[in-house]
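Next come two complexes built around subunit A: one with subunit B, the other with subunit C.
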Partner chain A sequence: MRHHRLLDFLATFTVISVGLVTLIGLLSERGSAPASIADFMVQLVTVIAAVAVLIGILNLISVHLGRFVRAEHGWPYSLVVLVVAVAVIALRILDRADIWSGELEGEQVSLRVFEAVQVSLESALAAIILFSLVYAAYRLLRHGATVWNVLFGTAAVIVLLGWIPLENLDVLGDVRDWLVRVPVSAGTRGILIGVGLGTVTVGIRVLIGQDRSYRS
Partner chain B sequence: MSNSELTWILLAIASAASLTGLLIVRRRTLALRPIPAYVVLQESAADAVESDNQIHFSMGSVAPGQASTISALTAAEIIYRLGERLAISPRPPLITFSDPLTLPLAQDTLRRAYEFRQKMQYYRSSAAAWYPQGPRALAYAAGAASLSADVDAHSNVLLGRFGIELALFGESSLRHEQVLIAHSDLPEGQAIAYVQADQVLLGEELYVGPAYMKGRPLEIGGVLAQDVLRWAVILGILIAALQAL
Partner chain C sequence: MTPADLDLIAGWASLVLTLLVFSYLLGDNYLYRIAIHILVGAAAGYALIVAVESVLVPWMNTTILAEQGDRDTALMTALRVLGAVPLLFGALLLLKASPRLGPVGNLGLAFLVGVGTAVAITGAATGTIIPLAREAGEAVGDDAVDGIVILVGVITTLIFFQYIAIERQGTIRRPRAFRALSAIGQGFVMIALGALYAGAILTSLAIFSDVVREQLQFVLDKMGG
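Take a look at the complex of A and B:
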């Protein structure tokens, strides 16, 4: 218990001091001592992020290795993950060694392989999203015609129709532009201001050491 | 007035309002306005324990140390409060996210909840799953939604930062008859959450979450501070608009 209390005290002390120093630094003039210290703190985060990626990869490999060794449900997928991870790491090492010749000379093969898989996959998923959203809007209206649902549905239909490049539908294009410029922009700013205010109030709790997410 | 002066003023108002809220809450009980999503969230946790099912929490791309630090901490705190209730079940909740910096936060959040309940035998660090994301988060969302369906999760609770990929969670929840409770601190994710989720948390409603779940006086005071700040901003906008006329 005493051990936990000491660790909690150290964690709270670290959070308060680093938080205050960084806040003061970020609000000070560029080039001043507090600003330099804040810059250093922000750079530290970058280093920690790099270490976190490494920890994440080790964790990923250990989880899938465990599933594969214990032949748990879905172990073939774990095997695929492990093989692909090792292959990408090997390709990256070969890229760095610059061993490619001929057509591949100077190429980043690991990057090309990654993009070939990832970009195709995400493009396909992006195409599916359109259908999901149209169906979701239909379901929303089926749940009940509240003022907000009807308003949402009408705005969505006008915006979609406004994109149709027909001469007679110029008016809808103008309405779409107005919708995006005025109410949508105002709503977006409202949400972002709300998020900002929420962030400030929780930030105060963190700065005075009352946030418990890093304590036992 | 410079940006830094404005920030200091905002912080001073927020601090004063939070402390005033704390003093008020210590003297009298404040009735918070109901937020349906938090009611359903707590009911879902109870249902999941009773039906021996898991709950899938997704934190999206929030991460401590980034611009979304506060969203990450708040989402973790909400997961902890629910995790305390879920820890009596041998099936730990599933937490997915796309930033590796969130991995220690998510694992520690679960560990603390199980330690609090003295049920460490049920705790699995692998219940926090990192899905590395590419240029966009669509593959992450597809993978996490698929995992949630595989473990037959009772509900999907999305707290944090999501863009259009939130639609994939919505689609999967609908297909597998899972309850979807969603929030995003990005407007595009928020719009999709409004259309697809059974319950939606709008904008700043995420940050008052701990106050709605066994909230401590300072957290409930924070709700009051948020209201004060909101009115201060509204007044500021009105004054600026009137001056511009």
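Take a look at the complex of A and C:
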């Protein structure tokens, strides 16, 4: 228990000292000693984050391997994850080893697989979001009319209709332009400034040791 | 095998994977789940490759495995020790899995949190709060009426998101003036969210039509010989 308290103190001390040194460096003039120290800190964190990603992926692979070996519920999906992950890594290793000969010499096969698999799947997923969004809008309309629903729906409809190139209805486009330029920009700026203020508040709480949730 | 054969295989793979994802429109099914697990496997593989090739290998080559050259031994030792520090902190994260040694793993996390917090504070202040507040103020100079609407919108939106209240006769309520301003702010937020929602629909519609066009084009090309 005493060891834990010492380690907790060390963790809090690390957060505060490292955070303050980096903050001072980031706010200092470029090229100065504090700024160089901050750059170095960020570089260290990049490497730690890369190790964390590595640990996360190895954990994912071990979890799916365990599910497959124990033939748990959904093991075929775990097998798919393992086969694809290993195939991608193996293809990259073969690319690096420059193993391809003939017409494929110098070809980056792993990049082609990336385009065929990753890009296709992500595009298709982004495309079917359309149906979820339209269905959610339909459910909102069925939910009953309140002042806020009406404002939300009217703004959405004006923006959607404003994009249709209707003859003699340029006024819709003008209304849409004004809506986006004035009230939408005001609301968005207010939300973003609020998010920024929230980030600064939480950050200061962490740096003065008030928020220590990272220890749990 | 030729690059053209690779393109053909990639085209068919892309078509099959797109159809697997679109099968979700008929309801959650095993074809969709296979597609999602393929995505997870591929993303994990690529994330590992990027972490190793773009971050870890260059870092190790310039520190731990650096060539001595003209540098003296003390400098090289310092460089190697320094190179090992983030790897050690990263390795400490492995201990988070153990209930007994978990607090040791917090040290690695503490380093990440400390630097991350400093970067977040600087980014939020210099990249969001100051420029957006300045833009809102400058809008009044460009067009008085629109500028005032923008300024009122920004201020009332911020009031809508604050929860300062006072206790009066046993009930906790926000001051009346704040409630009125907050209602105006809520209106601006609703209009902004409605417009952003419409923007999301338009974007996904554009992606949907592009995906369908691309796959149909591939099928028609193959059918045409």
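As a convention for this text, the second predicted complex is superposed on the first by the 213 of 216 C-alpha atoms of A that agree within 3 Å, B and C clash if a C-alpha of one lies under 4 Å from a C-alpha of the other, contacts with A are read in each partner's own complex, and residues count from 1 in each chain.
FYI, a residue touches a chain if its C-beta (ideal position, glycine included) is under 8 Å from a C-beta of that chain, and two chains touch if they have at least 3 such contacts.
Because the structure is predicted, anything quoted here is derived from the model rather than measured.
Asker: Quick one: name whichever of subunit B and subunit C touches more residues of subunit A.
Answerer: After superposition, C is the partner touching more of subunit A.
Asker: Is A:52 contacted by the first partner subunit B, the second partner subunit C, both or neither?
Answerer: It touches subunit B and subunit C both.
Asker: Between subunit B and subunit C, whom does A:63 touch in the aligned arrangement: first, second, both, or neither?
Answerer: Touch partner of A:63: subunit B, not subunit C.
Asker: In the overlaid three-chain picture, which partner chain does A:137 touch, first (subunit B) or second (subunit C), both, or neither?
Answerer: A:137 sits against subunit B and subunit C alike.
Asker: Touch check for A:210: first (subunit B), second (subunit C), both, or neither?
Answerer: In the superposition, A:210 contacts subunit B only.
Asker: Name the contact category of A:16: first (subunit B only), second (subunit C only), both, or neither.
Answerer: second
Asker: Once the structures are superposed on A, label A:111 by its partner contacts, choosing first (subunit B), second (subunit C), both or neither.
Answerer: A:111 contacts neither subunit B nor subunit C.
Asker: From the superposed pair, tell me which subunit A residues show up as contacts to subunit B and also as contacts to subunit C.
Answerer: 27, 45, 48-49, 52-53, 55, 57, 60, 114, 118-119, 121-122, 125-126, 128-129, 133, 137, 152, 187-188, 190-195, 197, 199-200, 203-204, 206, 214
Asker: Show which residues of subunit C lie in contact with subunit A when the two form their complex.
Answerer: It comes out as residues 1-3, 6-7, 9-11, 13-14, 17-18, 21-22, 24-25, 33-35, 37-49, 51-53, 55-56, 59, 85-87, 89-91, 93-94, 103-104, 106-125, 128-129, 132-133, 135-136, 146, 149-158, 160-161, 185-202, 204-205, 207-208, 210-212.
Asker: With touch defined as at the start, can you tell me which subunit A residues reach subunit B in the complex?
Answerer: 27-28, 45, 48-49, 52-53, 55-57, 59-60, 63, 66, 74, 114, 118-119, 121-122, 125-126, 128-129, 132-133, 136-137, 139-140, 152, 187-188, 190-195, 197-206, 208, 210-214, 216
Asker: Can you list the residues on subunit A that touch subunit C in the complex?
Answerer: 3-4, 7-8, 10-12, 14-20, 22-23, 26-27, 38, 41-42, 44-55, 57, 60-61, 77-78, 80-89, 92, 102-104, 107, 109-110, 112-131, 133-134, 137, 147-148, 151-160, 163, 178-197, 199-200, 203-204, 206-207, 214-215
Asker: In their shared complex, at which residues does subunit B touch subunit A?
Answerer: 4, 7-8, 10-11, 14-15, 17-18, 63, 65-66, 70-71, 73-74, 76-77, 80, 100-101, 103-105, 108-109, 112, 115, 125-126, 129-130, 132, 134-136, 138-139, 141-142, 150, 164-165, 167-168, 170-171, 174, 185, 187, 190, 192, 194-196, 202-204, 206-208, 216, 218-219, 222, 225-226, 229-230, 233
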